[in-house]
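Both complexes shown next keep subunit A, but they swap its partner, so subunit B is in the first and subunit C is in the second.
Up next is the complex of A and B:
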């Protein structure tokens, strides 16, 4: 009974943490609008921009997912098929974009497409849409096509690692004899037939999973849409910008209706997409046998010139925006002569905080406090939720285990802005004084990261041999001793990965923090970058200061990523 | 042998189910009592904690140095709760009405003030005030709010662009719906920008006073004429307007020859341009709006003495006289004007016949106007 309580309390706490704010927010919005969520969804057309935002959201997410696959698949193919020197470094370079905070990604792409930037200097002016891009826009009859191209490219850049991490391990670990055997068949002689009848069935699941996850991330993208495609609205950006007036009885009820309807539509789409990806991944887990990736690679041998060029280009593509962002923090545009000079002035301003209410050290302190708080909450809750699910599985209670597993994944169906609005409106309803509670942002951050912790720890717990537990009992260890002397040491690498990723995610989290902190006093680094970029640029250092702030955020996040990578196993795909 | 979680099964399922039901039912309890709205204002004061918390947007005049001066002079520490803009201040006050987070609201302008008053968000101050410019007290002169800066919002146009394209300065708003202006005007949205809201309010008066067309018909015609609508003043002025300092900024497009800004914005351009500017304010009767920004004690906030001290500090000669330099707005002190240096005053005309719309009417009709504006323009 005692251990049952020990199991159910953390599970209840976690479910409370993820469900209560969202349900309270729903209640508030339902009260204010007088509509239920489904009614509100069908009333979205009452907002003049909502239907266009819905259309653009679906289109850009679909095109982003397709573009990501088009760019990512050849890279995954080459990486998986050939023997590469420094494969770890190549993987790290190609994974960097995915762990980059979205606001840093936005700054990186702005640095890439800005006037005076590399792309503009070779005639590809995505920002002002002159030259080739202007002609392209006129030819297609699409306004602001430069912004759309920049957004799709940024989404592809950001999600490239998803395709690589889903697809490459499958290619690298497929027993070479399968392909050899297929080649011997009459239909196996043609490359097209091999592609359609051998590779597609083999790779269908990881490709479709990568497509769905890229679609999800692009569907809920906010910082990249806000900064790279300012002329367009997505459901997420519309809810974020309008959301300030949501949930106030008797004031701008149209906004509450938009947020309720938009969140419902987003929730349904994300749930459906996650359900689909979940089913595919489950199927994949028992489809075929796998071999060591070194064995498979050796079979094909070293890469040719085309492959080397392709991988080098993709690494440059992955690193260029980040490098240019750092450069932009020390490259100051002189408005009188329209020339550039090199200076670290912007860094001094960033650290002194002369232009904003928070300096970089202040915002970094806030970010780190929230990240550590998020780490503690998400790792402790995530550990016990995973432990409960695992324990139920071991005791042959698969239905209950599956139910808790599914509920633990719910936050993945919520976007950052939805979680931010949920916490803002939900908390305000029950405890308005919490609005000014310093630690408030830890709640949405923990809501968003705990599912990842569960996903990292649960497979690890399943892998631990139950003999260790029995050996502990034979040695006379009590429950606590077995926990601290056996379980924790065995899970240590996974706990470090979970902790580092929770912190990195919290540091870079933008949507929920923006909702909570745009009207709060404790700006985090991503919010500070956004505040700086939103300022009138009459002062020429404003943008370099934002770039310097984003650089600090990038460095801290990458440090955590390196820690996580050191403990991560590369034997499997996915995350 | 005892197993951890041995009884997990049917009972556990019921327990988890019960917890879920509790979680789902929790929000439904007390719905009605939580959302009750009262018509009467009860003025409440929280205790004085020695810290003054100010909810405000990014007001240039309220720099770190100014706040340090205030703390040194009065001993009160200041804590800033920043919001996006004046609308953000009102929304924050409304959202936290049941547990106010600030003692002082700084930056509510006269298009938002009445809504704050009607919702009992403000409380009377006891500060001793200097002689104020009577004009700044036109929108509101009671004890619930004190003006601290002011300025007229009006259309600005690019002289060079108009000359180059052989277009005369508009003397009516209707002219802007002509083909010559197609795609050449930029307006910050009234739903998300204070100057945008002020100008939209002015158009209500303009069309009521001078035209058979309604304001929303005109806005619809402007949308049909490819007017550019932006979420904020910054984007309209910096990115799209060809006559301002945006020309020096990354991301500048400069496709609009006319935008909404302050009537003294050309003066600010001249101040920094060595008495040179290609931007000019357009004085059309009823098409400009006097925007007055206020400081107000928050109902339910604390630190009353600190609030009064800050209002007195803000209206002191030391701070308020320098509003044109530090905040690019007019001072509210009687007898003050813009500096003449570098053509700041010369390029800042005072509208001869600004819009006249009462605060009460703005409060009563603003929500409808915003909805109609959105429907007419299909913009945010």
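Up next is the complex of A and C:
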């Protein structure tokens, strides 16, 4: 009985945290629009921009996923097939974009494509679409094609690590004798046949999984769309910008319909994509004996010139936007003479907060408070939810365990903006007083991070040998002593990874924070970057200050990921 | 008598693994139970330790019924087939797990027993650096420091090579005898049973109906 209560309380709290805001928001939107979510989805055309946003969302997400594969697959192939010196360093460089907060990524790409930026200086002017890009736009007859190219490139840059992390290990650890055996067969003599009939079946699942996840991230991308493709709308960006007017009876019903229908459409697409990826993974769960990656690489040997050039270029591609962003914070443009000078002035302004409500230290304090709050809520709740699922599995109740496991993953099908709007329309319109509650952003951040904590801790709990628990009992330790002296220390590396990832995610979270905080005085670092970039650029330091602020955010996020990566590589396992 | 098992019945899923078992163990006595793999020896030890629930029957330790007590209250030490050492602690840290509270630690006793078991100088070593024999010694030290009323040895030497097995079997017997701790040692190795046990009991004698192999 005691254990049942112990299990149901955290699960109920967690489900409450996820479901209450979403259900309250749904209830309000259904009441205001008089339509159910499915009806609202088919009434999206009530909003003048919605249909175009839906079309652009699907198109850009599909093209982004294709471009990411086109760029990422050769890199993963070369990395996995050849012996590389400093492979750890190469992997770290290529993974960096994925752990970069989206606002930082947007600033990095702006630094790359801006007037006076490196691309413009070689004639690729994506910002003003002159020269070759202008001709390209006229040739295709697509307006603002520079913005589309910048957005697709940024999505490919951001998601490159997904392709590499999914595909490369599979190539690197496949025993060479499989390919050797295939080469001996009549069907395996030509490279094309080997690619189609050997490598494709072997790599199909990781490639398709990488495609699906890139599609999902591009589908719900907000900061990159907002800053790199300002002439276009996606469902996410349209809901974010317009959503504040939703849920008010008798006012802008089209916006309420947009939020209800758009969120339903996004939810369905995300659930379907996640379900599809899960199904593929399950389908290819047959075991192939794997060898150490060193053994497989040795078989192929050292890379040639083409491979070296490819990997070097990809590392430069991964690092350039971040490097240029840091550079842009100290490179000040003099508008009168149209020249540049080097100065740390922008950093002083950023730390003094002369242009905004909050200075960098203020925003950093807010960000850290929310991140620590999010860490506490998501790690404690996530731990007990994982513990409950594991305990049900051990008690031979797989159906209930699976149900809670599935429910715990529900927020993965919600985007940052959807969660932010859920809190805004669900909680704040019911209890408006909560608008003045400083800790409010912790709720959406915890909603978004807790599923990751569960996904990190649950496999770790399954891996713990029951012998440790029994040894504790034999030594005379009671349940509490076993928990604190044995279980927690055994899970410590995974808890550190979960804590670091929760904090890093919360620090970089933009969609929900932007919905809730953009007009308040408790802005986080990403919101501060956005506020700065939204200011008129008459003052020459505005953009460098935003770049300096984004650099601070990038450094803290990377520090947390270094901590997480250190524990993950030493202890194995994890998300 | 230190331990009396009477009419002990244990089921595992639908299988009756132990049926109406009766066993008595004198004070200070070490018995070795010899039987093939899978016959139920480990289940018997786990039932005595409280790690496995029993269906019926009684377990008395030093005249006290312990069958309803949870494992951690029984005051029994146990060595498993694989030494269970906590990876987040070094050798000394693992040994000190014998004490629930810091203030209970008796470092003189700890150092004496570490020296007696030949582990002096290895206290701060990581457990991954220990050999199989050393790891079992650490577990034995930890179990002895809890002052158990009964020691259960579940084939703790099975993973060691023959020479080392004989050596550690002699050490275990010697240390249990010197401390007057009664013990049940289960094994499928007759030579090991002869070394450790004051008397050797065949599983068939405890469970007459059982086949040799299950």
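Definition applied: the second predicted complex is superposed on the first by the 562 of 575 C-alpha atoms of A that agree within 3 Å, B and C clash if a C-alpha of one lies under 4 Å from a C-alpha of the other, contacts with A are read in each partner's own complex, and residues count from 1 in each chain.
As a convention for this text, contacts are C-beta pairs under 8 Å (C-beta built on N, C-alpha and C of every residue); 3 or more make two chains touch, one makes a residue touch a chain.
Quick caveat: nothing in here was measured; it's all calculated off a predicted structure.
Annotation for the three-chain superposition on subunit A: subunit B and subunit C fit side by side. More subunit A residues lie in contact with B than with the other chain of the pair subunit B and subunit C. In the overlay built on the shared chain, the residue A:138 is in contact with neither subunit B nor subunit C. In the superposed model, A:476 lies in contact with subunit C only, and not with subunit B. In the superposition on chain A, contact of A:348 is made with neither subunit B nor subunit C. Contact with subunit B, but none with subunit C, is seen for A:8 once the two complexes are overlaid on the shared chain. Chain centres taken from Cα atoms put the angle at subunit A, between subunit B and subunit C, at 140 degrees to the nearest 10.
Using the contact criterion defined above for the overlaid structures, shared-chain residue A:486 touches subunit C, although it does not reach subunit B.
Shared-chain residue A:535: touches subunit B; no touch with subunit C.
Touch criterion met: A:543 reaches subunit B, while subunit C stays clear of it. Shared-chain residue A:468: touches subunit C; no touch with subunit B. Taking every C-alpha of subunit B against every C-alpha of subunit C after the fit on chain A, the minimum distance is 5 Å. Contacts from subunit C toward subunit A in the complex involve residues 49-51, 70-73, 75-78, 80, 82, 84, 86-89, 97-98, 100, 142-143, 146.
Residue ranges of subunit A in contact with subunit B, taken from their complex: 1, 3-4, 6-8, 11-12, 15-16, 19-20, 23-24, 26-27, 31, 47-49, 114-116, 127-128, 230, 233, 238, 241-242, 244-245, 247-252, 254, 333, 335, 338, 353-354, 357, 388, 391-392, 395, 397, 400, 403-404, 424, 426, 428-429, 432-433, 435-436, 479, 518-521, 523, 531, 534-538, 540, 543.
Every residue of subunit B that touches subunit A in the complex is listed here, in rising order: 3-9, 11-13, 15-16, 19-20, 23-24, 26-28, 31, 34-35, 37, 58, 64, 79-84, 87-88, 91-92, 94-96, 98-99, 101, 115, 119, 191-192, 231-232, 234-235, 237-238, 245-246, 248-253, 272, 367, 370-371, 374-375, 377-380. Residues 465, 467-468, 470-478, 481, 485-486, 489-490, 492 of subunit A touch subunit C in their complex.
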